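What follows is subunit A paired twice: with subunit B in the first complex and subunit C in the second.
Moving on, here comes the complex of A and B:
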């Protein structure tokens, strides 16, 4: 496991997402990267169903194709649980309504976010170009770059910055917000998921911000 | 109505309660509680929901609430790991689930436990009648126990007088070692490894019979006593067998066609009147060897590799290195026919590899039965601990793929053979070189921490008497693997050697020549001779067959003598010395400084054999010391 940085790639107004993805992929192939399959990162959200009207707690369930045997559960206060895939079955059981009693958790429909796309390998780097889909609508592009040999962000940040800027331009001026506070600690797959969560939340907010705009017309 | 025949029942005295007395005088008793009913009654009395401070009946829902409470607590106590409570509860829940699964599995079989209705408590009877009943019950119980004690006493007395080899006593001893069961009138036993995890198709069941022709009147001589119990072993397991593993050098790499069907030798057939334990053990060994060989043969046929394996009859041959052959033979002697030994020559059987083969097969058996904890007792399949932890540890895809690769028995034994061959060869070469060159001492320190696939050795070359000069030590570290040898030299250079013996020898010779030069340098420092030049790859002079020669130039403190040393792995060691020119003009001699004298002059070689000294270092020191003049 190396150090991973996730950045959103802005989609210009006149172009479609697919075109931008194709451009990036061509650029990567020019650099010399070769395709090594597909990848996906998806997130489902669950809401706690308490009778007493205290604050509703959210639970996000992530899967990452890079760690196929694992599922990550992130709470809204930032705590993350790394567990086997069977945990998902447990959550489903908690979300079932049984014998008149309400379930403990409720799945929030229409909140499923996914980032899917191609996976490229170039030497020690692994680059993933993903199109983000929120409830079957295309919302944006997320690019994930992983540098496998190093596990401490501060030691390889300069190298990664240079590499990312070579094909993405000046998006990677600063390290991702989540990593900034942990530059000198060992990087874990949980941190990747926290970065994705942040971006997915941004995409979701963008969705809900744009939806009230349309009825006003 | 036909006259009822009188029922005579012979049974223990019952003190059971009479439920009803019918009109014709028959008493109907309340049937006593069987074992399962008793257990059910007791279980009914346990209240699962009482006396537990935490609700063990619902761990998961409690766990969720705990998550939220703990989450808020975590902010206050950042040092406490928030999932501890949950983890403990989930662990307890897993234990309970395993127990429940086991109970349900056993109950399903209906052999040891049954699900039954819970019976109600019988109503209390009057105390006087209870007292009478209890008294009667105790009296009959005492009677039964006393009768039993009498019988035991009598049988103990009989045991002393009975001959030791009576059938039932022998049967008891047999049962202590082997699994027996009675089928109809015959007693059958099982000597296969099925209960230990083997999946071999051939079963090993033997029959136990009584020996009817016991020689009477020979009870004194224990050696010739025949046991009254005989075992009949299936014909294919008769005799004795072992798996012979041989590693030999053959000229010509692909000589695999010289496989000859081996006749067993060195194995004696067991006499037919051997003790049953010996016979059974021999049969079990035959079965084990057969399973081992059939597994190896199957893998040899199915395995795709660069080197073809040949399976001929009872022999498997493969080339581990060019010119080195590994042959695995199943030798099974049934002892029926008289066989003339067709191979009077000695066969070098490798006991270590044979033992490895046995261990590997036992490991396969073990893995098929045992899985890593925790798991319910009745579970038949499971995952390894590493795979189970793959989820929580977020193992990547590449590592998961690596986990699925596994090696066959044949591959494993070939790897071990390769390593054994490499190790023995390296040992031989180092010892040969050390014996051939007494001048610098070669010392090999073999590590005691090694495995069947990897060992390492540190070779140190020193001169006797000059070991205190650490820079002169040439220490090499050799790591002997399966296919090659990795060497790390003193300068931290990594060299990879193949299986050829000559490469190790060349390496050692080269290191010896480097050692000589190191000696020169250290001695010069000690005796205050000056270093003029050093070249580790001399381009002049005779060419070496491999590696390069090194040379060094030293000049004495008075600058009047120069010593030149050239040392190479194949050209050997040469020492030349130059003295000041004595034939300078007398006119020049007065104006020239002494240091200009050593510009001219010729080098002359010194014959080291004629100089006193145990080794080169001593000789060189003697030369340098004797030639140095006081200022």
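Moving on, here comes the complex of A and C:
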């Protein structure tokens, strides 16, 4: 597990998402990258349902195909719990109604976000071109670039920047906001999830903003 | 052989001169005319006959010597043609050739004399030529001792080097008896296992910061390669560097120089290439470090 940077890739209005993904993939193959399977990162959100609590809390449950036996649970204040996959079963139990009592957690419907697509390798770089799907609608493109041998973001940022700019242009002028705050610490898989959460939240916001617009069309 | 030839030549020349002298005498006499004042014709005739006989004798002698002569350049018959070159004055080749032929013959002959006395000396031992055996011992090279350093000595040196190099931390284990295995870690960039024999570096394995230096059975893993391309490249350069710094007579310095060079990998991911000024090239950062000034270079940018 090395340093990972996740960037959204803009989709021009005149092109479909698939076209843009194809262009990026073609570009990567020209650079010498080879396919190494598929990947996915998904997120489901649960809402706390306690009567006593004044405020509802959100819990995001993440899976990442890079760590297939792990699930990540992130609270809305950024606290992250890394656990075995069995933790999901616990959450499901907590989300069940039991003997007339309300459940502790409630799954938010239509809030599932997923980014999936092709995984590429080029030397020690791993590149993942993911299409983001919110409630089974295509919403955008997220590109994840991992430099696996290095664990300190500040050490390899310039190297990654050069590489990312070679196929994505100027999108990667600065490191992702989440990494920026911890450039000199050891990078963990948790940090990847935090980056995804940030982007997924942005996509959700964009979705909810555009939902009222759809009936007018 | 050549001397005989020269002697014969000189003799022949002498005879030629004598022949010319006697012939000249005969013709002188003939030219002067015989004036017989006393009427002693017989005496005159005798004298004439005598000089003719002398001519005859000289001629016979010359012929005898001349038969004993043979062409000079037997070994290079073609060079004879040089002598009939009309432009002899411009190219004094033939005379020089003869001269050098004589020289080489002479040198060969002298060499023949010399080989006898020299042959006797060849069987002498060299130390005899130097003089005393004591002196000879001083001059003989000290056998390398780098591989035979004691464990305490190795421990001391490694501890000292560890203190001296702030970026490197080292620990010693001895899973294979007295030979030390150094586990070197360089910040949060990479780790390496260095196998020592005495103080001589025998093997280097470079791995990533997150990779395990121990195999599944808990032993130090000397042999497996790194998962990552970049560390495999570093490993190759490090192995080459051990050979570059190899010095069995001064193993401590060799180890120190190697570690000093190795220290430069703390900027493995962050230093741009000294030649092209870039970080990224074909999936790797600059993985090669100059052995003298530790400048970073890409594999293809090496000076």
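Please note the rule applied: the second predicted complex is superposed on the first by the 211 of 217 C-alpha atoms of A that agree within 3 Å, B and C clash if a C-alpha of one lies under 4 Å from a C-alpha of the other, contacts with A are read in each partner's own complex, and residues count from 1 in each chain.
Rule of thumb we're sticking to: a contact is a pair of C-beta atoms (placed from the backbone, for glycine too) under 8 Å apart; a residue touches a chain by one contact, two chains touch by 3 or more.
Since the structure is predicted, the reported quantities are computational estimates derived from the model, not experimental observations.
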Following the overlay on subunit A, give me a clash-or-fit verdict for subunit B and subunit C.
clash
Touching partner for A:92 - first (subunit B), second (subunit C), both, neither
neither
Given the touch rule stated above, what does A:1 touch, subunit B (first), subunit C (second), both, or neither?
both
Thinking of the overlay built on chain A, is A:67 touched by subunit B (first), by subunit C (second), by both, or by neither?
first
I'd like to know which partner A:75 touches here: subunit B for first, subunit C for second, both or neither.
first
Regarding the shared-chain residue A:168, is it in contact with subunit B (first), subunit C (second), both, or neither?
neither
Is it subunit B or subunit C that touches the larger share of residues in subunit A?
B
Which superposed partner A:188 touches (first subunit B, second subunit C, both, neither)
first
Considering only the touch criterion stated at the top, classify A:84 as touching first (subunit B), second (subunit C), both, or neither.
first
Look at A:57 in the shared chain and tell me whether it touches subunit B only, subunit C only, both, or neither; answer first, second, both or neither.
first
Going by the overlay, flag which of 43-51, 403-411 or 457-465 in subunit B ends up clashing with subunit C.
457-465
Touching both subunit B and subunit C, residues of subunit A:
1
Quick one: which bits of subunit A touch subunit B in the complex? Just the residue numbers, please.
1, 48, 57, 65-72, 75, 77, 79, 81-87, 90, 93-94, 104-105, 188-190
Which stretch or stretches of subunit C touch subunit A in the complex?
188-189, 208-210, 227-231, 268-270, 272, 278-280, 282-285
Subunit B residues touching subunit A - in the complex, by the definition given at the top:
60-61, 64, 67-68, 71, 74-75, 82-83, 387-388, 390-397, 400
Subunit C-touching residues of subunit A, taken from the complex the two chains share
1, 32, 122-125, 147-152, 154-156, 158-159, 162-163, 166, 186
